[in-house]
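Each structure below is given as structure tokens.
Here come two complexes built around chain A, the first alongside chain B, the second alongside chain C.
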Partner chain A sequence: MSPVTAFLTDSTICIGCKACEVACKEWNGIKADGLEFSGFSYDNTGAVGHSTWRHVKFVEQGPVIGLGGNALEFPAWGFSSDVCKHCEVAGCLEACPTGSIVRTEFGGVYIQPDVCNGCAYCVVACPFGVVERNQSDGRAFKCTFCYDRQKVGLTPACATACPTESIKFGEISELRETAQARVEALHERGVEDARIYDPRDSSVGGTHSIFILRGDPRTYNLPPQPRVPGEYMSAGWTSAAIAAGAMLAGALIAFLGDSRR
Partner chain B sequence: MSIGPKPPRQSRLPDAASEARLLELRREAEQRGMVTSAGAKPAGAPFPQASPEAGYYGMPLLKKPGWSWEVPVYFFVGGAAGAAAVIGAMANWTGADKRLVRDARWVASLGGPISTGLLISDLGRPARFLNMLRVFKVQSPMSVGAWTLSAFASASAASAFAEAVDRRFGGLMPVRVLGNAAEALAASTGVVMSSYTGVLIGATVIPVWNENVRTLPLHFAASGVGSAVSVLELMGHDDSTALNTLGIGAAAYEAYEGLHIETHPTAANEPLRAGVSGWVTRSGGVLSGPVPLLLRLAALSTRGETARNFRRAAAMSTLVGSFITRVAWIMAGHASSKDYRLPLERGGAKQRQELPPRSRQQEKELLPRERPDKPHGISK
Partner chain C sequence: MPGLGTSFGRGGSTTAPQDLANSDAILIMGSSMAENHPVGFQWVIEAREKNGAKVIHVDPRFTRTSAMADYWLPLRAGSDIVFLGALVNYVLQGERDFREYVVHYTNASTILREDFRDTEDLGGLFSGWDKEKQKYDPESWLYEGSPAKNTASPAGHADAGGGHGKDRGGEAGEMSKRRQDKTLQHPRCVYQVVKKHFSRYTPEMVERTCGITKEKFLEIAEVFVSNAGPERTGAICYAVGWTQHSDGVQIIRTAAILQLLLGNVGRPGGGIMALRGHASIQGSTDVPTLYDILPGYIPMPFFEADSHKLKDYIKKHRASTGWWHNFDKYIVSILKAWYGEAAAEDNDWGFNWLPRVTGDHSHFGYWLDMADAKLEGLFVMGQNPAVGAANSRLERKAMAQLKWLVVREMVETETAAFWHDGPEIERGELRPEDIGTEIFFLPAAGHAEKDGSFTNTQRLIQFHQQAVDPPGDCRSELWFMYHLGRRLKAKAADDRRPRNTGLRALTWDYGTHGQHAEPNIREVLREINGYTVGDGKHVAGYRDLAADGSTACGCWIYSGIFPTPDDLKIEQRKPNGRYGHGWAYAWPSDRRILYNRASARPDGKPWSERKALVWWDENEKKWTGHDTPDFTPDKAPDYRPKKNAKGDDALGGDKPFIMHSDGEGWIYVPSGLKDGPLPAHYEPFESPVANALYPEHGENPAAQKKERPDNAYAFSPGDARFPYVLTTYRLTEHHTAGGMSRTLSHLAELQPELFCEISPQLAQELSIEHGAWATISTPRGIIEARALVTSRMLPLAIEGRWVHQVGLPYHWGFRGLVKGDVVNDLIAISEEPNVRIMETKGLLCNVRAGRRPGGKGDLQQLKKEMNHPA
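And then the complex of A and B:
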């Protein structure tokens, strides 16, 4: 049986070199996004999307003494490489009407490009804002978890290219232990705000992209309580059933009550 | 052309006010670490910072819905067609006027292919529409909708066809039985057509949509019934009491829905009340709720040509209002997806209401930023 794999992205040792971003684009043959100056630190990419599957966030914060790694007087400057979370309960996968989005034998969430018909429903089903439709190609794209590389026993491109091993790749339960040990070690060294981001107590039920962050995950645009659309389903269908009943009953009553039928 | 600063004064005598001002500047610098004053601030300052409150530079966390204009139009046409099938079936079963049955069947059967066309043209890969029918997934409202639409389009077309054959060749028993069976199927899928779109957008991660998942299917169904009634009235059935009754019911629900939105000023509902999407929502609500309601009630208390005029006005108002309402919900969804604040709030929808309201100043500071629009390069 194939192992269930995961990414562990350790932001505390990320140096913001963007090797992962470049490696991802090169391996997967994704076009450049163009050159725009965002004004947000060294980040002109913005967010993961249809043409960016790994994205390094440059988190510039107010000067907090001791946060940021360098000398005390410098403002905090953190980096974190973002990616599809490969959710345990994936909104995109559940929403996909064609069965194009599947769970692979490695536990990742994969869009089969030859099946996707571009309905864009996965886009509004992802609580992390990852998957996006490419308007000129028509289909939805996101990180494939390097399904092609994993199938031949290789490590995903981003993890292979990462010079500091900030992106670790491996068996999921082992990586969860690694993450725990790393955070404990950081706490011992006085980095008290280090934490694991793996929303297992939310309806996403955990991810295959675990992060070690410093401080509040919201600073990284990571929702503390991601909610999959499945949560709203029963309320929605109940209302639809009431609506259906009301329509049938209403029309029946209206015609029965019409004396000139 | 910009006017340069005034030339500096040649010399000046110090006075109490000038010295007090210098001390004030010194105090401000001491206390705040910087002095903020026009000219001392570079353009764009204060520079954006990432923080738990402002998220990642205020950039949208969610992706905006990728849908184009076809989707709201589909909601409108599909909703009206579904309701028309129900009206036709009920009119038939209760033995109402034959012309009404026939016209309702035709409206439903025309709505089927138009809806299908709209749905297909919104796909990024229209040629792959049939992939929708590769699998059936109850957990995906899009899948349920695609199957429902297919069944509805076939059944309503069959019932209209049977109607035509029946009329041409007169009272053929098997044709009539088949037509009625198709009509029953069209009506039972029709109720889904009118209401499922509410679940389709309600069961998503877009805050303004999932906040209203409980009322959206009812709202869309009422909107669909209102427009089906209106289309039939404008086709000449403006003397059917049953249609007016149905129209009153739909308009009353729409009025209630508008009231519901106005009285639930949650953070997630903001796009329904503020900005462009707010005004579009309001105008759609007024045109499909209170306006036709009053006109239809007026029609009840008058008779003859006056009543008909009231009803025709109500019908037109409802159609325009229903269409605007669908557009408004999509616009609100776009606005909502740009607001990074809601998905970042701990606990999401359930706890949203309990958060203390933000002050105006806070609101301004936390204003969401546009994600720089990237040209869409072709992947692969």
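And then the complex of A and C:
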């Protein structure tokens, strides 16, 4: 029985070195995706997408007291390494019509590139904007959770490269405990806005990429209450059933009325 | 390194990054450690998370390091000694020094000569200044009672002398002879002199000069100073943000004084972490690529009377007491390693085959000679001076004066391409058809394509194995140097001129293997480790070396890395214990924390359980602990030397700084530095303000500006044409001059373009929009960069007005996947007196909105800027 694994990305000890981004691209053989200067602080790769599976966000906030890093005054500069959330209830997986997207034995969500037909249903179904199509071949790509490495007992490339252990990898229940203890310790030290981001009470039902953040998750481009399209499924089917019932009833009434004549 | 070398005895970092995890306070200054040493920074994070250590970052910019610190203090670039001096003053005024440590382990109690005069007496100069020669005669700096050696040219002060070889100190006089006052009350004892010296370095002066408010300074001073004493320790981390100043060595010295007064040296979580800029920068001075030292910090002989005979040379550099008494063993063993059987007692072991230093052959020394067409040819290996060196515009143009140039590189760098690409070609300053230089570009193997070693920031020598064969004609440095030497020797074999005698005598007999005849690297390592000449057996360590020609050793401090043919210590990969012994090998003798005898009290017991490191085991009668003791293993704490004892035997059992002739840490440096026995604040060569402490001597008097038309300076203090402070630095995403990162897409995309960091206030003043272009100029050059407007840059209130600072990372050039202007075109060539390094961290510049005109227009624009009324 394979362990169910997860990432715990602790942004309070991330130093923004981008080693995770580079390690990910090197291991997975992903090409660079442009040499453009963005002007968004030190971030020039923008966001996770088909060619960036780990991405470090740089949140520069000006002199706001008590935000970002550990400094309690002067400017704040927060760093956080973003990645596919590997949702418990994965919108992409539910939307995939070909069966290309599967759940692995480690709990991750994996796109099989040889099965993907490029329909892009998964792209719109992801509540985090993680999945993206590669315009050159049309297929969708995202973090594989280093399935090939996990398969042979190795830690994912990003977590291996992280110098400060900001990206932790391990058994999900243990990491949830670690995260809880860490946030409690931060609260004790006066970092009162530290919080765990693991939306278990949303329709995503929790993730395999847990984050420790400071303040509002929206600061780091994370939705406070992510929703998978599947959550509309029962309402949708109910409406459809009612509509179908009503139409059937209408048809029956029409026929019955006709026979009375 | 003379900053650390003269203070403690060795030029290396006193501690290891792993030990920072044991700190209670960490002051990072002159470094953005999280950005440039992200792997080492994990132990700073560990200290913060596990011990609740306070992390203080003092830097002109708010960097990724500041973001991880508890406190960030923005200071004006170039005011470092005022800040650190004020910390020293804070300790001394409040008598917060670790008194027992200070009295026993430092030279605080030593009494100075009556004729010594301090900068406080002479308005910014120490006694001994020779106005005509523009240098110091250091004799009055000696201890009272220490006889001067009276050599023809005192060590560390020879005309042409650099400072790397002068790390030992004690060469100008016999420092073991002296008077002391253990009560520290004598007005001429070091403690009192230092107290008086720093008395004007007050919190008010910090506010006025550095731009840090008095309240903030006092808060941080208390945080750092309170983390000292028997139970607690604080560490200081620095990098080239200190070194690259016209008084860089003295900045490091100020930190050394602070750490000695607080008793933070040689103890866990203490010390000074010198963060080196490349993978093997420490190694490049240990087995040096410098012009003024031989391996193991043995000085290169100069062309002067007392270096004609080995006996005189040894007399000059050997100390009668302390570890350097062994000097003769180390130099003779080098000569034996290099000249083999040809080295005999009757020819001074071949001493006169060694070349002599005849002038300033430092990088800038010979590059200026090159610009003046005094140099014929040049090899460039592992360096990209067309981008990475100060005044790179001058450096590029100088290469066109050579007859031949050899560049060995993995890619065609800017240095290899200067003749057909780059700004000089674009501006019409150089035309390829006019350049007479014959240029050879030779492909080099990368580090994964060859066996070799790195000596990292903590003196750890790590071997690395070849992973793949280098492609095509790429070859290792070892291959190149060996076969070049072999061919030169073959040429010299038939040429009996005297100049070739040394080359013919040189042992150059390494075996080779493989289709390309790669030299056997283990034979080189064996020579570095040392062996007995008679039977060829490896020596176990430098204690086995002798001065009678019976041993050969290429680098005495590395001796012990290969004690037997089947035990290459630098290949070890099984770490154990607190300091990871068993993983590679730290020089000397695998000691991870230097001077660790100081972690125990004079009686040999640890200062506290919490800070125990090395202690005296009374039962075993030897030193033991978590680290290899940096001390003679069986020398008892109560050992007292006999009269006229020599060498290590002359140092008592309570003298941890064994390299020094008195065994003590030097708060005051009586010999070995060119610009004074104590640090004094001098403004950078280009400064927006006058020197508030010594108005008559604004700049370091012993430093050299090398001013000339192609290396011009702004007026100082204050130049209306160039009103902003310029400071340069590196980013995590790139490697130095970019040759190894701008060519790799995965790194290039992370920081694709050159930018300048400016504050929103300055951007508004100059109407520069975020992300738009800005043009930056100095009297040396003109460049353009994208504006990164950020509140991480703050204008500072200095002397009652706002001073703006401009930050520029220097990684870009005109080759590679991502290109940009060369920031070093803006920097002046200058020489700090001890190590001849340039000042990159504090200069003056102008900034304008928009791009530079391009082509010839750049030169007209620069001329226009220069002709504005200053």
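To be clear about the criterion, the second predicted complex is superposed on the first by the 225 of 261 C-alpha atoms of A that agree within 3 Å, B and C clash if a C-alpha of one lies under 4 Å from a C-alpha of the other, contacts with A are read in each partner's own complex, and residues count from 1 in each chain.
We take it that contacts are C-beta pairs under 8 Å (C-beta built on N, C-alpha and C of every residue); 3 or more make two chains touch, one makes a residue touch a chain.
This is a predicted model, so every value here is computed, not measured.
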{"item": "Which of chain B and chain C A:His50 touches, first, second, both or neither", "value": "first"}
{"item": "First, second, both or neither for A:Glu60, with chain B first and chain C second", "value": "both"}
{"item": "Partner chain in contact with A:Arg227 - chain B first, chain C second, else both or neither", "value": "first"}
{"item": "Partner chain(s) touched by A:Asp33 [first = chain B, second = chain C, both, neither]", "value": "both"}
{"item": "Which superposed partner A:Gly16 touches (first chain B, second chain C, both, neither)", "value": "second"}
{"item": "Chain A positions touched by chain B in one structure and by chain C in the second", "value": "31-34, 36, 39, 41, 44, 60, 62"}
{"item": "Of chain A, residues touching chain C in the complex", "value": "13, 15-19, 21-22, 25-26, 31-37, 39, 41-42, 44-45, 60, 62-63, 68-72, 74-79, 163-165, 189"}
{"item": "Partner chain B, residues of chain A touching it in the complex", "value": "28-34, 36, 38-41, 44, 46-47, 49-51, 57, 59-62, 91, 94-100, 113, 115-121, 123-141, 215-216, 218-221, 223-230, 232-233, 235-240, 242-244, 246-248, 250-261"}
{"item": "Touch list for chain C against partner chain A, complex", "value": "34-35, 38-39, 41-42, 45, 48-49, 52, 55, 62, 64-72, 74, 731-733, 745-753, 755, 770-771, 786, 788, 790-792, 794, 817-818"}
{"item": "For the chain B and chain A complex, residues of the former touching the latter", "value": "44, 47-53, 55-57, 59-67, 83, 86-87, 89-91, 93-97, 122-126, 128-129, 131-132, 134-135, 137, 139-143, 145-146, 187, 191-192, 194-196, 198-206, 209-210, 213-218, 220-222, 225, 240-243, 245-246, 249, 333, 337, 340, 343-344, 346-349, 371-372, 374-380"}
